[in-house]
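One structure is given below, represented as structure tokens, and several questions about it will come after.
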Amino acid sequence: MGPPLLEIENLKVYYETRTVPVRAVDGVSFAVREKEILGLAGESGCGKSTLAVGLLKLVSPPSYIAGGKVFYRGKDLFAMNDEELRRIRWKHIALLPQSAMNALNPVMKVYDQIKDAMEAHDGKNPGADPKNYVLTLLKSVALSSRVSGAHACELSGGMRQRAIISMAMALKPELIVADEPTSALDVVVQRGVLELLVDLREKAGSSLLLISHDIAILSEVVDRLAIMYAGKMVEIQDVYDIFDEPLHPYTQGLISSVPSLEKGGIPRSIPGLPPDLRQPPLGCRFYPRCPNASEICRREDPEFKEVEPGKFVACHMNS
Amino acid sequence: MMRSSGLPWKRERLTARLKGLRVVVENRKIMAGLCMLVGLILTAEIGYRLLPYDPKKMGDVPLGLPPSWEHPLGTDPMGRDLLTQLFYGTTLSISIGFTAGMIAFIIAVLIALIGGYYGGTLDSILNVVTEVFITIPSLAILILVAAVVGRVTIPLMSLILAVFSWAWPCKVMRAQILSLKERGFIKLAKLSGYRGIEIVIREIMPNMLPFLGAYFAIVVSWAMIAEAGLELIGLGPQYTITLGIMLNWAMVHAAFTRGLVNWWIPPVIVLIYVFLSLFIVSMGLDEIGNPRLKVKG
Amino acid sequence: MYALALSMAITINFVVPRLIPGNPVQTKLMQLYRLGIRLGGEEFVEKYSRLFSLDQPMHIQFINYITMLSQGNLGFSISFFPATVQGLIITRLPWTLGLLGAAVVVSFLGGLLLGAFMGWTKREGKRSRLTSIVFGASLFLSQMPYYLLGMMFVYLLTYLLPLFPYGGGVDITVSPGTIDYVVSILYHATLPALSIVLVSLGAWAVEARGLMVSVLGEDYLFLAKAKGLRERYVFRQYALKNTLLPTITDLALSLGAVTSGSIITEIVFTYPGIGSLLFNAVQSLDYPLIQGITLIIIFGVTTSALLIDLIYPFLDPRVGEK
Amino acid sequence: MGNLLEVSNLGKIFSLGGLISKNSVTAVEDFSLEIPEDRQVIITLAGESGSGKSTIANLLLGFIKPTSGRILYRGKDVWKLKGAEWKRYRRELQAVFQDPYESLNPFYKMSHVMMGPIKKFKLSKSESEAYKLASEALLEVDLNPEEVFSKYPHQLSGGQRQRVMLARVFLTRPKILVADEPVSMLDVSLRADILKIIQNLEAKHDMSCLYITHDLSNAFCISNEIIILYLGSVMEQGNFGAVIKNSKHPYVKMLVSSIPIPNPRSRWEGRVKLQEVETARLETIVGCKFCNRCPEAMAVCREKRPPLLDLEENHKVACHLYA
């Protein structure tokens, strides 16, 4: 485990509505360390995708950055101008968006789409032989050289996802943020793609922030696991520790609601529904669904802090 | 609260209808467009009745007068009062346009429903026919028909216009039906024991209402454009006066190049006014029907 | 489909005139008589009936008609007798093709670019006053019939403020082949072309703007931004390409409507194209000429539409796959 | 006792293209299934995208006509059922789908959905009885009837919508429920509730269930039998536990080993191999459909399609390795 590569401080990303804003990401702080795989899990609407988009300031209306700072190797990303930020994107921090199925430009060949990313950051001549380099990249994601001349519509979902991964690896970024990279894929392909991503990252020495709604998937590959709920970070721990001894009641509920081929039987569900993020509860956002909530949970929003070395949690009952 | 006497599904039908109406009434664009149209028709109807002149009888009034108190728009060289013509022509033009639009619309809905819902070979054939009607320049055929028929009556005029205006809305409606047909609630209706036409009426049509309304306004507008165009080049109904026919007389007498503004500008303005109000109505209906613009409640 | 369109047009062309009761030659003679032209009596009717094989059964007539068509023979014009219909059309066709072709190309390309730019300004939720004004204007123009605009131009720019000539396609005092001749042609064509261009430009701009706005929400545009590509490049390679390609099929579908509109525009401007010829034919009830022109127009439109549809798969890689 | 539903050698070929060009895709091939009349079962029909599992659902529900094979309901071919018999089949075979939002007409409130089957199947004599029936059904799935009746689809959460769908199913007291991915659109923490309702319907209300999914972990919670499809053909079927723990078919082995287990201590071992190019068009494969990806493919696999072999009690596999 290395020093922090990316530090996020009190990031807030809101969505404008006619009335009050939706507080999709509401004061999230955490760090991605060098060369680690950090998993980020949460249910739909918890703000995990918004967080991914927000940390590179890639938000577009009606969402906007409502506060916070993001430091990449100590440099404040939000203080940079558009051109400086453009140079950071992809070259240093590559964001693989959700629904990569539709993320390839349908009217450009795969080769041109890999090449333009290289040209945008390294001037006109990326390496000695861009053609050869692209083929090596494709080979590294187990795609045949034919793919380089293909258009998106000729490729299956898994192949498109791999093409985008090869595109991300072209510039060997220090951090890859992958938002649900495998959610639309078949089980076997899902495993293959994930393994590729992990192996390539290992070789390039990059960090990986892996975002998924499926903690079973994350448990297969990540080093540390972060859990979000209703726009807030609730827990971050080493993946073994979090499965052995989850600290936050939401994490406990989430883990026991996942079915397993090992165990069988219907898992437990968490009663209730996530709160409306236009008017979240005053205190802890999980309070209405929490089995061990007390009076303070209703009044005060628990602080997200390190309770033991490497164990972060936001819960009054655990501090 | 629910009382057993007020059965929820009975009220549901009624409230759904009322709600539909309320959405229409509350939409400013629809109401503005409709008011514009109704205002125009009322003005034309009342104005025509108040004026003592005959729009069609030549020599009814002195020839070629400039605008005056007695003849606010002047008279044409055949001795007809132009304001009377304008009022009379407005009503007639709009009614021809509406009749044509109505017929075209019915053709379009029927073909789209039959083809779109039942699919298969029939649909393929209907689809090709629709595309043919879109591709061929309808005006050329209209001219041919109108010229050959010779004496065009008002109902006939509406009919020919209709035959050449249904195709485009039909194509769009068919696409809409095709996508609605694939929606899950159609399957569910089948599982609830509904069949064929019941599904079309209960499940598909309600979702298409604003869309159909918008297209109706557009079809009427197109029919009127074609109508005025045909009349302008002298292929309209004979022995009567519409806005297009007024323009035709004006053109034949070179009114544009003789500065007889009082003759041709008013019908042009009325036409643009009608197109504009129909367009505003269709935009308003589109707003209701288009889910992208709908604000989630 | 295009074959069907064409054969249907041919059939309509054949059937419609024959729907009128009575002998067409007789009817025509009557019409000519009313116009003050005398062309013989009973034996003349019979002779011509035989000449046009009108005494034969319908299917034979139809076969004759098709044979004539396939030889490029559209018969004789009545009002311009003894000129042939095809001869008349050929002298007028270049005018229409030039006017319509230029107008369609200019409005299509110009409108799309304008619309694409208007859409592009909406990225990241920016609002610009200029764009809304231009958009409003395009919307208004797109709802106008060509001829109304044409009439305004005639009045404003040839009568009130005589900047442009009215009527005709070229100044007859200028000798053909000179540069002045070309200038004169362009000068005469400006207003009719402009009235077609403005309306369809508006329509294309509205459509392209809508498409661009939906392209802006696409995932590949987000990825382009995440890739750190330069804005101008993203606009050109990602946004513009995807906005423009789907409009090409619409171009094919729109040709019919544009042609219809331009016929009336020609008449309003007394431009010497086939639209005006058609107008003359209608006024003098010259059926062979009307039929011939109608057929040529339909033939031209369907062939161009077919060409566009054939070219399209080469431009858009998505078509071949689906 | 006979079988309630008997599907034999079902096949479906879709023809693509318009009037002139004909192209066809085999979606389902030689599919058989039996659901007994005297006891209730929950059978899982599993497969990846393109395996034909949803086509089978549509075939069973009578939405599309099979190209070959027969579907017998209470001993009669469903495509020959008429009048009351057809209505009965319609009523007794119900379904829930993946996306409950899609299944609800946005134009109507929930009462519309609930009243449809009551009206068409004449389940009640009076309006007030109908209301009582609908309320009971909603209570059965833990929803508050008075609250739900007057709601539009967008006013309910995903979980609530799926419950309404199940309440609608409950109204008709079906014999068989076809559940096509009923939980895959829902959040993980809410899935268990839906699964419990389905299990409850089976246990308390004599309903068998065909549970169609790509997610074996969820299916394993409630089902004892499984049929695994690949590109329209059955690869392996039988007792769920046996198929999972003692997989025979190379495809099933690969599939099962790739399913993520929510436990960092049992991670994937080794690396799975990805295809470099797309599989050849299905119509050109004469042998086993998996032979191009199979690590253990033999010469015979490319030449002959393997039949479904009985391995042991309630465990069948379609693979030449076991011939």
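All chains are identified by letter, namely A, B, C and D, in their written order; residue positions are counted from 1 within each chain.
Just so we're on the same page, a residue touches a chain if its C-beta (ideal position, glycine included) is under 8 Å from a C-beta of that chain, and two chains touch if they have at least 3 such contacts.
Just so you know, these numbers come straight off a predicted model, no measurement behind them.
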item: Contact-richer chain pair [A-C vs B-C]; value: B-C
item: Length of the line joining the C-alpha centres of chain A and chain C, rounded to whole Å; value: 54
item: Centre-to-centre distance between chain C and chain B (centres being mean Cα positions), rounded to whole Å; value: 24
item: Chain A-chain D separation of Cα centroids, rounded to whole Å; value: 32
item: Touch-based graph of the chains, sorted into line, ring, star, complete or other; value: ring
item: Interchain pairs in contact, sorted by label; value: A-C, A-D, B-C, B-D
item: Residues of chain B touching chain C in the complex; value: 128-129, 131-132, 134-141, 143-145, 147-150, 221, 225-226, 228-229, 232-235, 247, 251, 256-259, 261, 264, 268, 271-272, 275-276, 279
item: Interfacial residue positions of chain B with respect to chain D in the complex; value: 1-2, 4, 7-10, 12, 16, 121, 124, 183-185, 187-194, 203, 206-207, 296-297
item: Of all residues in chain C, those that touch chain B in their complex; value: 1-2, 4-5, 8-9, 12-13, 16-17, 19-20, 139-140, 143-145, 147-148, 151-152, 154-155, 158-160, 166, 252-253, 255-257, 259-261, 263-264, 267-268, 278-279, 281-283, 285, 287, 290-291, 293-294, 297-298, 301-302, 305
item: Residue ranges of chain A in contact with chain D within the complex; value: 43-44, 142-144, 146, 155-156, 158-159, 162, 186-193, 195-196, 199, 213-217, 219-221, 239-240, 243, 253-255, 257-262, 264-270, 273
item: Chain D residues touching chain A - in the complex, by the definition given at the top; value: 48-49, 157, 159, 187-193, 195-196, 199, 214, 216-218, 220-222, 244, 254-256, 258-268, 271-278
